[in-house]
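In what follows, chain A forms one complex with chain B and a second complex with chain C.
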Partner chain A sequence: MYLYLNQIKAIVWKDLVTELKTRELFSSMFIFALLVIIIFIFSVDLSIVKANEVGPGVLWVAFLFAGTMGLNRSFMLEKENGCLEGLILTPADRTAIYFGKLISNLIFLMVMEIFILPLFMVFFNVDLIPFLGPLLVVIFIGTLGFCAIGTLLSSLSSNLKTREIMLPILLYPLIVPVMIAVVRMTGQILDGKSLGTMMNWVGLTLAFDIIFIGVSVLTIDHILEE
Partner chain B sequence: MREEAAEETPKENYILLWLTGAVIFAAIAAIYLYVPTEKTEGAVQRIMYFHLPCAWLSFFAFFVVFLCSILFLWKREREWDIYAHASAEIGVIFCSLVLITGPLWARPIWGAWWVWDARLTSTLILWLIYVAYLMLRSQTEPGSMRARYAAVIGIAGFLDIPLIHFSVLWWRSFHPLPKVITSEGIGTGLDTSMMVTLLISLAAFTLLYFVLMGQRVRQEKLRDEIDRIKKDKLYSH
Partner chain C sequence: MKNTSENSASAEPVIQVANIHKSFGVVQALRGISFSLHAGDFLTIFGPNGAGKTTLIKILAGLTRATGGTARVAGFDVSNGDPRLRREIGVIAHATYLYADLSALENLVFYAKMYGLDHPGERAAEAIKEVGLEGRMHDRIGTFSRGMQQRISIARAVIHDPSILFLDEPFTGLDPHGAKVLKQYLHSLHTKKRTLIMTTHDLSCGLEMGDKVAVQVKGRFALFEKKDNLDKGGFEELYFETINNGN
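The block that comes next holds the complex of A and B.
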């Protein structure tokens, strides 16, 4: 067990160090998310609609698009120099590779999302400070679900010729339940409701997280099999 | 070898084919001649006898994809991959028919082609999942990799259906539409003649599924056979 956790830690650490050296992924995800938000602001007239109503949707679409970039990158980076073969050759279990990648993706996305929040506050003129606790919980469970299925599909699509296109085409229909849940929850949190009043959505998101981590653990052996 | 493959169309296949033809004929006769026109909705209601069996068939086909995907990852036999592929194709075709016949009925009855009702939304997302499944298949080279990847999507896609269902249901219930979606609940007060027609139609479509499956699976197996023979010839010279 200890060895297993150490293997996961090593993979996460490797990804974090690579990212700290290059800062390629973080900066591009951040700027892309920002651009998505700005483009949405141009497409909806904020003087007519309430920021609380469109805000959560815009925020999560930005996270989703930028996150897809991050996921695409996650296994492509490994493909470039044959690192994936190296990883598979190590005595680590395939599921350890999955969990390592899942955790590093989760960290990158969470950092990007936390940096986006203040800008969202300024652009949409909503005060997030009083709701920060529940909001971070929602962002965490939503991003976890997104990364759980996203990491699996990214490992799969990285072997395809049309990988950048296939990842979102496979991912977005599957991610619909989480998207609906997190947008609803974020909207209700901004309306001042507590997490306790939306346990059905929290439950749904957690169920999604658990189901897709389970599916990934059971099937990752069949994907990483070269 | 080739004679064997050619002989693989046994008599049962023809029996199934004729039976399906007869039941489809009976279903069409029942829909257009036997069953009376619905009082409030008029002739357009008859589309229900196509719409509902199509929906049933596509869900059934996706379930078969799910089962065959699991069996493939477990047993690693090409057979299951062929079944999953064939079933997904049939499912997508009939799911498309559901999405086409639905709006045709909804336009005169609801006054709108499309409403973001829970069932409509889940069907649309389901369609997208399996279109993506087929795209994945068409964009990878035939072989073990394609079968394995497709199986993973086949499993993940099917397990997502209950989650999609609940999320869309709750999503709608927060914003109830003024439209009378309950008019869809005709099922409870269905007249006997309508019920009979519907059942014949359901039977016809279910049989059609097996005919199409049989054809598609045979076609795929013959393709494998041709590929094998081609390879043999290539290396023998």
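The block that comes next holds the complex of A and C.
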């Protein structure tokens, strides 16, 4: 177990060191998410539509698109110079490779999302400070579900020539229930409701998180095999 | 197939391959390869492009599954994906398996951690020193020449001190100095009784280094011999004759 955790830690450490040196993943995701928000700001008249109603959808579309970009890049790094084969040749359990990549992706996306929130506040003229605690909980459980299934599918699509197209095609239909739940929860939080009043949505999101992680653990061995 | 090699009866073979087949759709990459090697053997496999040499190495390393036959390496069935097998083997291939944005030291520390080695930093520095690149250990792999990357790749492959090493055309892209360093290093591993299987197109180099020789043609071993039983001067002629007969 100690070795298993150390192997996960080593993969996360390797990804973080690579990102700190290149800043490729963070900067591309951040700029993409920012552009999505700016485009929406110009297409929505906030004097007619309430920011609390349209904002959550815009925020999660930005996270979803930028996150997909990050997931695509994540396994591409492992394909360069055949590194994924090198990783598979080590005695690490395949699930350790999955959890290492999942945690790395989760960290990168969460950091990008935290940097996007203040800009969202400015552009939509919404004060998120009073709701920051529950909002961060919702962002965490939503991003966990997205990364859990996204990491599995990016490992699958990284072997395909059309990987940039295949990942969203495979990912978006599966992530719809989680996206609906987190958009609804974010909207209710901005309306001043507490997290306790939306436990059905929290439960649904957590259930999908667990299902996505469970399916990934059961299938990653076969996906990484060939 | 001509096979006049004598196996030493003293010990159990460390590599036993029996009637291995591999198909990719309708293409048959391997069509019944069988051989065995004992600890300390050095087998060089020659063959034209598309003969299935890389596929054979990948099956023995557990990177891909055979569609028929069995292969046991270090006592483990390669199709089971046993992590204990992966501790016993090292692989050097065309691809270096190194992260271009990390330094040589960071790459090897990462692999040392993945193998669960004690003192990964010290072991990584030691491995880099063994391939003569201690002066560049903090430089990014992406700034290294092909030959230098290959030397770090060798350090990566042996960082956990494997008893069996698979080398898939390791001399590709190396300058004469890099090739010399690699030859010396492989020779030192051979003298330490490591078992090596190497594929190469370089007839003189491969013949010089191995103690057993195979020529693979169209997914089969058309020749498998002890080097001592071959006429070194006439090997090139024998190689082309074998390929022509195999085709």
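In this section, the second predicted complex is superposed on the first by the 226 of 226 C-alpha atoms of A that agree within 3 Å, B and C clash if a C-alpha of one lies under 4 Å from a C-alpha of the other, contacts with A are read in each partner's own complex, and residues count from 1 in each chain.
In this section, a residue touches a chain if its C-beta (ideal position, glycine included) is under 8 Å from a C-beta of that chain, and two chains touch if they have at least 3 such contacts.
If you're wondering where the values come from, they're calculated on a predicted model, not measured in any experiment.
S.K.: Return fit or clash for chain B versus chain C, each positioned on chain A through the superposition.
M.R.: fit
S.K.: Put down the vertex angle at chain A formed with chain B and chain C, C-alpha centres only, nearest 10°.
M.R.: 90
S.K.: For A:Leu160 in the superposed arrangement: first (chain B), second (chain C), both or neither?
M.R.: first
S.K.: Which of the two partners, first being chain B and second being chain C, lies in contact with A:Asp93: first, second, both, or neither?
M.R.: In the superposition, A:Asp93 touches chain C alone.
S.K.: Once the shared chain is lined up, is A:Phe212 touching chain B (first), chain C (second), both, or neither of them?
M.R.: first
S.K.: Could you look at A:Leu204 and tell me whether it touches chain B, chain C, both or neither (first, second, both, neither)?
M.R.: Only chain B is touched by A:Leu204; chain C is not.
S.K.: Name the contact category of A:Glu225: first (chain B only), second (chain C only), both, or neither.
M.R.: Both partners, chain B and chain C.
S.K.: I'd like to know which partner A:Leu174 touches here: chain B for first, chain C for second, both or neither.
M.R.: First partner only, chain B.
S.K.: Taking the superposition as given, does A:Thr22 touch the first partner, chain B, the second, chain C, both, or neither?
M.R.: In the superposed model, A:Thr22 contacts chain C only, not chain B.
S.K.: Would you give the minimum C-alpha distance from chain B to chain C, in Å, for the three-chain superposition?
M.R.: Minimum C-alpha separation, chain B to chain C: 5 Å.
S.K.: Using the superposition on chain A as set up above, list the residues of chain A that contact both chain B and chain C.
M.R.: Common to the two interfaces on chain A: residues 225.
S.K.: Would you tell me which residues of chain A are touching chain B in their complex?
M.R.: 149, 152, 156, 159-162, 166, 169-170, 172-174, 176-178, 180-181, 184, 200-201, 204, 207-208, 211-212, 215, 219, 222-223, 225
S.K.: Under the stated contact criterion, what part of chain C meets chain A in this complex?
M.R.: 61-65, 81, 83-84, 86-87, 89, 91, 93-102, 106, 110-111, 113-116, 140, 156
S.K.: Report the residues of chain A in contact with chain C in the complex, numbered from low to high.
M.R.: Per the stated touch rule, the residues are 3, 6-7, 9-11, 13-14, 17-18, 21-22, 77, 80-83, 85-93, 221, 225-226.
S.K.: Taking the complex as given, what residues does chain B use to touch chain A?
M.R.: Of all residues in chain B, those touching chain A are 73, 125, 128-129, 132, 135-136, 139-140, 145, 148-149, 151-153, 155-157, 159-160, 163-164, 166-168, 170-171, 174.
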